[in-house]
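Pasting the structures in now, so scroll down.
Both of the next two complexes hold subunit A, though its partner changes from subunit B to subunit C.
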Partner chain A sequence: MADIQSPLPGTFYHRPAPEDEPFKSEGDGVSAGDTIGLVEVMKTFIDVKSEIAGTFKAYVAEDGAPVTAGETLARLKP
Partner chain B sequence: MALKINKPGLSTSVQDLGRPGYFHLGIPIGGAMDRFAMRVANILVGNPEDAAGLEAVFMGPEIEFAKDCVVAVTGAEMPMTLDGEAKEGWSSFSVKAGQKLGFGFLKSGARIYIAVSGGIATEPDLGSRSTYPIGALGGIEGRTITEGDIIPVGNGDPSSAGQTVASRLRRGPGKPAALRVLPGLYWNRLTEAAQNGFFEDIWTVAPEADRMGYRFKGGRALEFVEREQPFGAGADPSNIVDGCYSYGSIQVPGGTEPIVLHRDAVSGGGYFTLGAIISADMDLIGQLQPNTSVKFVKVDMEQALNARNERRAMLRQIREELA
Partner chain C sequence: MSISRLFIANRGEIAVRIIRAAKELGVTTIQGYSEGDADMLAVKLADESVCLGAAQSKDSYLNMPKVMEAIKSANADAVHPGYGFLSESPEFARQVEAAGIVFVGPSAATIERMGDKVEARIAAEAAGIPVVPGSKGRIDTVDEAAKVAAEVRYPVMIKAAAGGGGRGIRVADTEEDLRKLAPQAQSEAQAAFGDGGLYLERAIRSPRHIEVQILGDGTDAVHCFERECSLQRRRQKVWEEAGAMCLDEETRQQLCASAVALAKDVQYRGAGTLEYLYDEATNEFFFIEMNTRIQVEHPVSEMITGVDLVQEMIRVCCGEKLDASQDQIRRSGHSIEVRINAEDPHMQFMPWPGKLEAMTVPKGEGVRFDHFLYEGYQIPPFYDSLLGKVIVHAPTRAEAIAKLKNVLQGIELKGLKTTMPLHLALADDAAVQSGDFHTQWLEPWLEAGNLQPIQKTGGAS
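What follows is the complex of A and B.
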């Protein structure tokens, strides 16, 4: 299992917009460079990208949760 | 003669100590959010304290050096590597042309300051190299750093490598961070209960806090003394007839979320300001992450000036120890 960590502190979101589906769901294929969520800080949304390819397992941090840099946001199976 | 930016980080910008003297024209003082850290980084690499360096917030950039120089990184705690080899913060080290400096995850604090011997040599605007993106002043074309930027660097002193600032002379916010406040002109707009509540409550840093202002949430809403709406002021009890804002002043629009105006703030407007963060504590705000706890602490003018003198003494000591 591989962790995807937050690059910076802020608020974590699973979805590109509140009315949209989450970026990934369990079992989805993930390619290196895929966006799996957003972190909002300083009125900016930063894409959180997977550095490796695999199969999406689950979000660890909740949608809308405050996160710190290095915190695990999601897990995938390489 | 240059730094090449392989990865920009987030809102990384060229900053020096700022461009005072134009605030009355609406041009903010700008400069490093943590000027103490910026000064110390410059001292470590043998630069004048007002030389320009890079300010990076929450995420470090990746920098490739095009010439030999001495580098120091101060401010937030963020692990860094030079060609994969770990380097210490608050210390100066030699870098060879072609080497790459990269950063890991932020551990504490919010902003790092990267000084390079010789200083960043972009073109100054109105006497400063500090980047003010809204006014397109300073830095590279008046904007924050982007991937592929080539940043010019002056000629420095290569002999300053190998120095370290003792940990007792480094400064960062506590937990919760204590920010000292001098009540100001509009303090009497608040009821006594609101005046006390402001200092009793624990506030948290809002995620939208940036170089213009730091917003705080979580404390009780402020209650205002009843008044007749002055001619020219807005209808909300937090409105005033437009006035000047100072660096560090605390406005509370609608009485709900205090905003501390920082280096890139507007210079005036129609909100009352209950007071100001004392100058000695403004650097600490530059090191606050979103969602961290803050307590405001009431001080008087004498305490504020003593705190300013303590900060100056600390800086003097660093100058002496690194001389």
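What follows is the complex of A and C.
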């Protein structure tokens, strides 16, 4: 299992917009560079990208939760 | 003072600024704060503090029921809303007024009226202030467009009457252009919106953003001269000056008098700002909107006039008369403010909420640093990136720029990345030094790579 960590402190979102589906669901294929979520930091939205390829397992941080830099946001199976 | 307990419904540097002003007036300060701001400087400086809720603004600073509850539980008899958040919410002002508490700002009705762009334009025209000339209603034929354009004067912007968001805007310099472009605009508007109606407005190329600071006590009003705020990135001001060197004295007087006329017309109470576009080519100014609150860049007006705008707005909103008459408010020297944001200007202005390890700030005559920093402070990521403002005052603009550069070179904020390198580069730029810029100047300047080292790409964006 591999962790995807937050690059910055902020607020983590699972979806591109509130009305959209989450970026990834369990079992989805993930390529290196895929966006798995957004971190809002100082009113700017930053893409959280997976550095490795694998299969999406689950979000660890909740949608809309405050997160710290380095906090685990999601897990995937390499 | 008729009040004794002031609640600060804001955060960051403006909360610190308000606390300082209130203390000098002998008023007890109560700071509202979010869970993400429990260790901010304003909480440490205030006499008392009340938690409003979770870190995210929607759960704290923007949550009106929670803010009202905190104000009442703290037994505050006045509320200062600062800027942003609830400061221009008529509903918030109304609830504060209804609770029998002083709102440090104009009445809810004035906030509502001046916050509506159409209403504000009507009020400005009634006060004799020029607004951007445009067609009165929709235009359906090219001949009609040509007739209106001749009155509005070229260049004109041709927009879809039904549209919005700048879609399909064309600019015509001559009637020949207009006769070619208007039919295109009509058919495009018809296709996009099912309505071929057009709207014409004078196109002001490369305008300057100039604004006038006013103060009113509900009966009388004065101005504290103008500010030049054309250096903007993504419509955010980055560098502001008082006064505007591009104006001749006659135009300055007309501009400032127009702002006072509107303030008196609407019986304005508190501090406010009228924003204008200024067309240097024709020496014309046009009202665009009014902000019914204190602004980030208020210190430059304080520096050239000696008026403490935050103290004055508290005093007049408590029912006192204006402290100074217009002839007592004089301008002296030149002032510049630069915004120190927690952003990396070499990385597309990426936000950088770091931890301040050590801070060195030079002091001196005509030097001011309004901020909310202290050593060991972790910048929270939940709010905007403004850390503070460096403000300088000197006899001339050239001396102010030289002083600014000196001060910026002496500031050390260890552990943070800030926009200071941008301001140093601007201070060294020939166009900035000669005052030759406008609202569309800074972004192309950045894109052209004037800020060294050349911006890197890649990584997060």
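Please note the rule applied: the second predicted complex is superposed on the first by the 78 of 78 C-alpha atoms of A that agree within 3 Å, B and C clash if a C-alpha of one lies under 4 Å from a C-alpha of the other, contacts with A are read in each partner's own complex, and residues count from 1 in each chain.
Note that in this section a residue touches a chain if its C-beta (ideal position, glycine included) is under 8 Å from a C-beta of that chain, and two chains touch if they have at least 3 such contacts.
This structure is a prediction, so every number in the text was calculated from the model and none was measured.
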Combined model on subunit A: subunit C and subunit B, fit or clash: clash
First (subunit B), second (subunit C), both or neither touched by A:K49: second
Touched partner set for A:P7, first subunit B, second subunit C, both or neither: both
Partner chain in contact with A:P66 - subunit B first, subunit C second, else both or neither: both
Subunit B versus subunit C as contact partner of A:V41, first or second or both or neither: both
Listed stretches 171-179, 189-197 or 387-395 of subunit C, narrowed to the one that overlaps subunit B: 387-395
Overlap of subunit C and subunit B interfaces on subunit A (superposed complexes): 7-11, 40-44, 46, 66
Subunit B residues touching subunit A - in the complex, by the definition given at the top: 10-11, 57-59, 104-107, 207-210, 289-291
In the complex, subunit C residues that touch subunit A: 36, 55-56, 342-343, 350-351, 353, 380-385, 460-461
Residues of subunit A touching subunit C in the complex: 7-11, 40-44, 46-47, 49, 64, 66
Subunit B contact footprint on subunit A (complex, rising order): 5, 7-11, 40-44, 46, 66, 68-70
